[in-house]
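First subunit A sits with subunit B, and in the next complex the same chain sits with subunit C.
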Partner chain A sequence: MLRIRKAPMGVGAIFILLFPWVAERLPAIEHYPDLMVFAGIYCLMTIGMSLLMGYAGQISLGHAAFYGIGAYASGILTTQYNLNPWLCILIGSAAATAVAVVVGAPSLRLRGHYLAMATLAFGIIINIVFREEAEWTGGPDGMGGIPGLDIFGYSFDSIHKYYYLVWIVVAIAFFFTIRLIQSPTGRALRAIHASEAAASAMGIDISRSKIVVFAFSAILASVAGSLYAHYMNFINPSTFDTLFSIKLVIMIALGGMHTIWGAVVGSVLFAFLSFEWLHQFGEYEIVVYGLVLMMVTIYLPEGLVGLPGRIAQRVRR
Partner chain B sequence: MASEPHRSHLLEIEDLVMAFGGLTALMNIQLRVAKGTIRAIIGPNGAGKTTLFNLITGVLSPTEGTIRFNGHVISGQKPHKIAALGISRTFQTVELFDNMTVIENVMVGRHLHISTSFFKCGLGLPAIRSQETAIEAHAMALLDFVGLADKANSMADSLPLGERKILEIGRALATDPLLVCLDEPAAGLNETETETAARLIKAIKDKGITVLLVEHDMKVIMNISDQITVLNYGEKIAEGTPEEIRGNPKVIQAYLGDSIAVV
Partner chain C sequence: METISAASQLFQFIVTGLTVGAIYAMVAIGFNIIYNVTEIINLAQGEFVMLGGLIMVFMHVTVGLPMILAFVTAVLLVTLTGMLLDRLAIKPIRQPSVMTLIIATIAASIVIKGTAMLIWGKSPYDLPAFSGRTPIELGGVIIQPQYLWVIGFLVVVTIGLTLFFNRTILGKAMAACADNPDAARLVGINVQYMVLLSFALSAAIGAIAGMTLTPIALMDYDRGAMLAIKGFGAAILGGLGSFSGAVLGGLLIGLIESLGAGFLLSGYKDAYALIVLLLVLFLRPSGIMGNFEVTKFKRF
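This part shows the complex of A and B:
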C-alpha cells in the first residue's frame, strides 16, 4: 500500500506554526515570514502540478495563466464590481476550471506532451489578454486598490496573519491531495502513469482522469492567484508570464516530482532562492535557474526529497 | 445482412477487415465464440492474432465489419467502455503497474465497480475507506484463486515472469469479466509454470467465464481449448475442435510447416 509517513507531517506542521514566532525574535530573518507567504502561494500551485506531472504524467507550461486568472478575477471583481472577495475566489476558480477543461480536453486525449505545447501557447495568449485589455486589467501598468481579506470582521491585515491564512489553505490542499493519492482515484492515476494500455483495459477513462486532475491543478493555481492579489493589493501582467510557468516546473523538479512533499520543499526553497539568494545575479538569474534545473535533472532525478534516500544508499555500500 | 444473434454466442465478429495503410492485417474475419468455452486463436507470427485482440478490446477500430459482444456493437468503442461491458485482457508483453504492489494491481481491476469520485476520495470519506477494505478483501480472494496470495505485498516488478503473467490474469479477472482475452499466457514460461497457467485457464472456464486465447504452445492449446481458430496472413484458414485441427492438412502445412509433427 501507499502509505504516507506521519512524522514529516508533524515536523512540517510544527515548523510552519512556530516559524513566525521564531523569526520575530531574530532580526536577521525578521522578513522571512513575508517570503513564506509567497512560498505558501507557490506551494498551492505546485501541489496541483505535482499531482498532474508526477502522478498523471502530464506537463503544463501554462500554469501562470491560471494563477493570473485567479488574481485578475479577484482584482477586477472586487475593485470594479465591489463583490465579496471570498465570492471572487470562487468565481475565479470556476473560471479556471472552465478554461482548463476547454484547453485540456483536446490535448489530453492525445498521447505525448501535447498538453505542454497547448498550455505553453495558452499561457502566452492569456498574458497578452492581461496586457491588452487595459480597461479591465489596467494593462502593463497593472491594477491596484485590491482590498485585503477578512472574515467575520477579523482582518488578515498583517504579514503574520496572512502567513497563517495562506498556510492553512496549503494544509487543506496538501491533505486533500494526500488522501486522493491513497484513494482509488490516486491508484487509477498511478495506473495511467505505469501503463495507459492496461489502465484503460481495466475500465479507467484515461482522458477524463487527466482532465479532472488538470482542472484540479488549475483551481489550486487560481486560488493561489487570488491570495496573491489580496496580499499584494496590486497585480501586473509580468507576474503571470510564461517564465513563471517554467519556474513552477523548476520548483517541482527541484523538490522531486514523485511525491507531494517534493512540491512543498521545492516551493519553499525556490521562494528563498529567488527573493533572498539569487537576485544578486540580476539579469543572469534565469541562467542560474537553467543551471539548477540541469544539475537537478542529471544528479538528482528524484529531487531534493530523494536526497536522504540516496545518501543512505551510499552509506550502506 | 446481420444474422439473428445466436443466444449462446457471447462474441460475434462479422466481415472484419483491418488495414494499416496498404497492409491488410485481417481479411474478412468471421468468428463466433460460444458462452462458457475456451476458444484458441492460433497461427504463425504476423497472422493477425494480436491485431484481432486489439480490435476486440477497442485499442484499434476496424476498417470494416462489426464486432458484437453480449448484444452490444463494440467495434470502434473506447477500451474503457468495452471493459465496462465485460471484456478484460492480458498483454503479450506483460503490462503490469510496476509502480504498485501485487495486490494493488488487482485492486485497480475493481475500478469499474467502485466509487472513484474525486471529491469523496480527496475528503477521505468513511464510505471510500470501507470500500477500500472491501476491494482489498476481494483482491486478496482473487490472488488466492490464482495462487499469488503470499506475494500480495511484493512490488509487481519484483516477480519472476511466470508470476507476472499469472498476476496479469488475476488483475484481468478483477473486473468481473464475461470474456477474458489472454495474449500468449504461456510465452516464456517453463514447463511447470506453463502447467500452472493452463490449470488456471481451465479454472477460469469453470467459473463460467469465456476465454479467448492466443497461444503458441500447442500442448496447452490442444489440452484446454474447446474450439480452435487458425489464422494465416490475416485470413481464417480453419476452425474446429482440437481433433479436427490436429488432422487438418491445411493447418499442418500453413502453420506448423511440412516437417513438424503435431503434438
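This part shows the complex of A and C:
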C-alpha cells in the first residue's frame, strides 16, 4: 500500500496520451474521448474520496456538495462578475476548503453512522441552497453561458484539448495524493484507520489529520466541479444531488477503496457504464447500478482492483 | 381577529407537523429495531415505507380487496421484502464493516426503488382515507381524520413494541442479542434468526407508516430516500437505539419542518430539520437521549 509501483503509472500515462489519437481513427469509439473527459472529472473526485474512505476510513455521503461549490463558484463568478476563469477555480477551491474545515472539524469527531448522517445532511442542505437561491444560481433550471477555458490565448475549445487538460489535472492530483500518502500525514491516516486509540496514544493529532484529508478531497471535488462547469457551459442543481454523492461511493466501491488505482478504475468504468453501456436501459439503469453495487460488496470486497490478486490466489491453490 | 387567525395557523402547523413527525417516528423506530440487533443502519428503510403505500394502493384500488385485507397483504409482502433484504444483500457479506454495510443497504434501496419504478411507473398514487375525508374542525384548526389514524398507529406500534420487547420470550431474546450477541448465543438464542426477525419487524412497521401516509400525501416510487433520511435523522436526534428517543426525534423533526416551512422560506422545508440535526450532532454527538456507546460494532 505504501509503495506505489512505477510500471502501471507509465502504462496509464501512455494509454491516456495515445487514446484520443487511436479513438479518432476508429469510428466506433470516436466519441470516447468525450466520455473520458467525464471519467477524468469523476477521477479527480474519487481520488480524494478514496483517500478519505479507503485510507482514513471516514465515510462521506455528501461530496457532491463540494463538486457543486466548485461548479457554482466558477459559473457565478465568470458570468456575473466577469472574473478570470482560472481565478474562479482558485476561489472555488478556497471556498470548498473553508466549508470543509468548518463542517469537517465538528463532523469528523463523529464516527460511523453519525458521520454518514452528518455528511448526508450537509450534502442535502447545500443542494437545497443551489435550488433555492435562484438569484445567484438560476434555481432548478440552472445557469448557462459559462465560458470555456483558455490560457495565454490558447483555447481549450475542442473535446481533445479539454481531454488533455482534464487528464493533466488528474495526473497532478494523482501525484499530490501519492506524496500525501507517503508523507507522515499518510502514515498517520493509516494508523487512524487501524485504530484511533492506538494512533492517538502514539501522539498523532487525529482530528488534524482527518481535516487535512477532508479538505484535500474537497479541493479536488471543487476543481472537478469547475472543470465540469467550463466544459458543459451549463450547470443545474440535479448534477450535484445526493444521488451523485452515492454514485461517487459506487465508483470507489466498484474500483476498490483501498488503493488510489481503485478510484481511477472505478471512475473510468462508471463513466462508460453510465454514458455508454447502460444507456439503453434508460431510466432503469439505476436498478443495474444497485445490482452491480450489491454484487461487488458481496463478492468483491476489494473492488475490481483486487480481482487479479484473487484470481492469482485461486490459481496457485 | 388577526391574532386569533395567527394562533389557529400556528396550531394548524403544529397538527400537520406532528402527523408527519409520527411517520418519521415510525421510520426511526424501524431503523432502531435493526440497529439494536445488528448495529446496521438500514438505509433501505424508506423503501419499505414506499412499498407499503404502493402495495396497499395496488391491493385496494387496483385489485379491489377490502381495506383491511389489503392492509394485511401489504404488511405481509413488505415483511417478506425485508426478510429477503437480509438474506440476499446483508447476510452474504463476508467482511462486514460499517462502511460496507452502509453501501450494501444503499445498493438494496436503489434496487427496490428501481423495481418499484418498473412496476408502478413514476406517477403518484392516491389511496382513499381510512375513514373518509370529512375534516374535523376544532377551534379554527382543520384536522383530517387520517391524521388521527397516523398518530393512533404510532401509539399502537410503540405500545406493542414495548410489550413485545419486555414481556415476550421472543422479544427478550431479541433484546438479548442487542445487548450482547455472544452471550445470547451461549444461552441458546439463534442470533441469525433474530437478525432476520428484526428485518421483518422493521419492514412491517415501515409498511404501516407508508400505508397511513399515502391518503395524506400520495405515494410514488421516489419517496423512500427522503423518508429514510428524515427517519434516520429522527433516530440520530433521539439517540440511536432508543425507542422513546425515536418518537421524540420524529415528532421534533416533523414540527421543525412544518413550522419552518410555514413561517420561514417554504423552499427550505427539507433543510430546516437537517440543519437542526447537524447542530445537535455537533454539540451533542450522541443525540438528545442517547448514550455515548456509538463506536463498537457487532459481528455475526
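Keep in mind that, in the parts below, the second predicted complex is superposed on the first by the 315 of 317 C-alpha atoms of A that agree within 3 Å, B and C clash if a C-alpha of one lies under 4 Å from a C-alpha of the other, contacts with A are read in each partner's own complex, and residues count from 1 in each chain.
Everything below uses one rule, namely that a residue touches a chain if its C-beta (ideal position, glycine included) is under 8 Å from a C-beta of that chain, and two chains touch if they have at least 3 such contacts.
Everything quoted here is computed from the prediction, not taken from an experiment.
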item: Subunit C versus subunit B on the shared subunit A, clash or fit after superposition; value: fit
item: Arrangement angle, subunit B at one end, subunit C at the other, subunit A at the vertex (C-alpha, nearest 10°); value: 80
item: Subunit B versus subunit C as contact partner of A:R109, first or second or both or neither; value: second
item: Subunit B versus subunit C as contact partner of A:G203, first or second or both or neither; value: first
item: Subunit B versus subunit C as contact partner of A:A253, first or second or both or neither; value: second
item: Partner chain in contact with A:F176 - subunit B first, subunit C second, else both or neither; value: first
item: Which superposed partner A:I298 touches (first subunit B, second subunit C, both, neither); value: second
item: Larger contact residue set on subunit A - subunit B or subunit C; value: C
item: Partner chain(s) touched by A:A312 [first = subunit B, second = subunit C, both, neither]; value: neither
item: First, second, both or neither for A:P184, with subunit B first and subunit C second; value: first
item: CA minimum distance (subunit B, subunit C), superposed complexes, angstrom; value: 11
item: Subunit A contact footprint on subunit C (complex, rising order); value: 35, 41, 88-89, 92-95, 98-100, 102-104, 106-111, 113-115, 117-118, 225, 229, 232-233, 236, 240, 265, 267-268, 270-271, 274-275, 277-278, 281-282, 285, 294-295, 297
item: Residue ranges of subunit A touching subunit C (in the complex, touch as defined); value: 53, 57, 59, 61, 106-107, 109-114, 116-118, 120-122, 124-125, 128-129, 131-132, 242, 246, 249, 253, 257, 283-284, 286-287, 289-291, 293-294, 297-298, 301
item: Touching residues on subunit B, where the partner in the complex is subunit A; value: 57-59, 78-80, 83-84, 88-89, 91, 95-101, 104, 107-112, 114-118, 121-124, 128, 131-132, 135, 153, 171-172, 174-175
item: Subunit A residues touching subunit B - in the complex, by the definition given at the top; value: 1-2, 176-177, 179-180, 182-188, 190-191, 193-195, 197-206, 212, 216
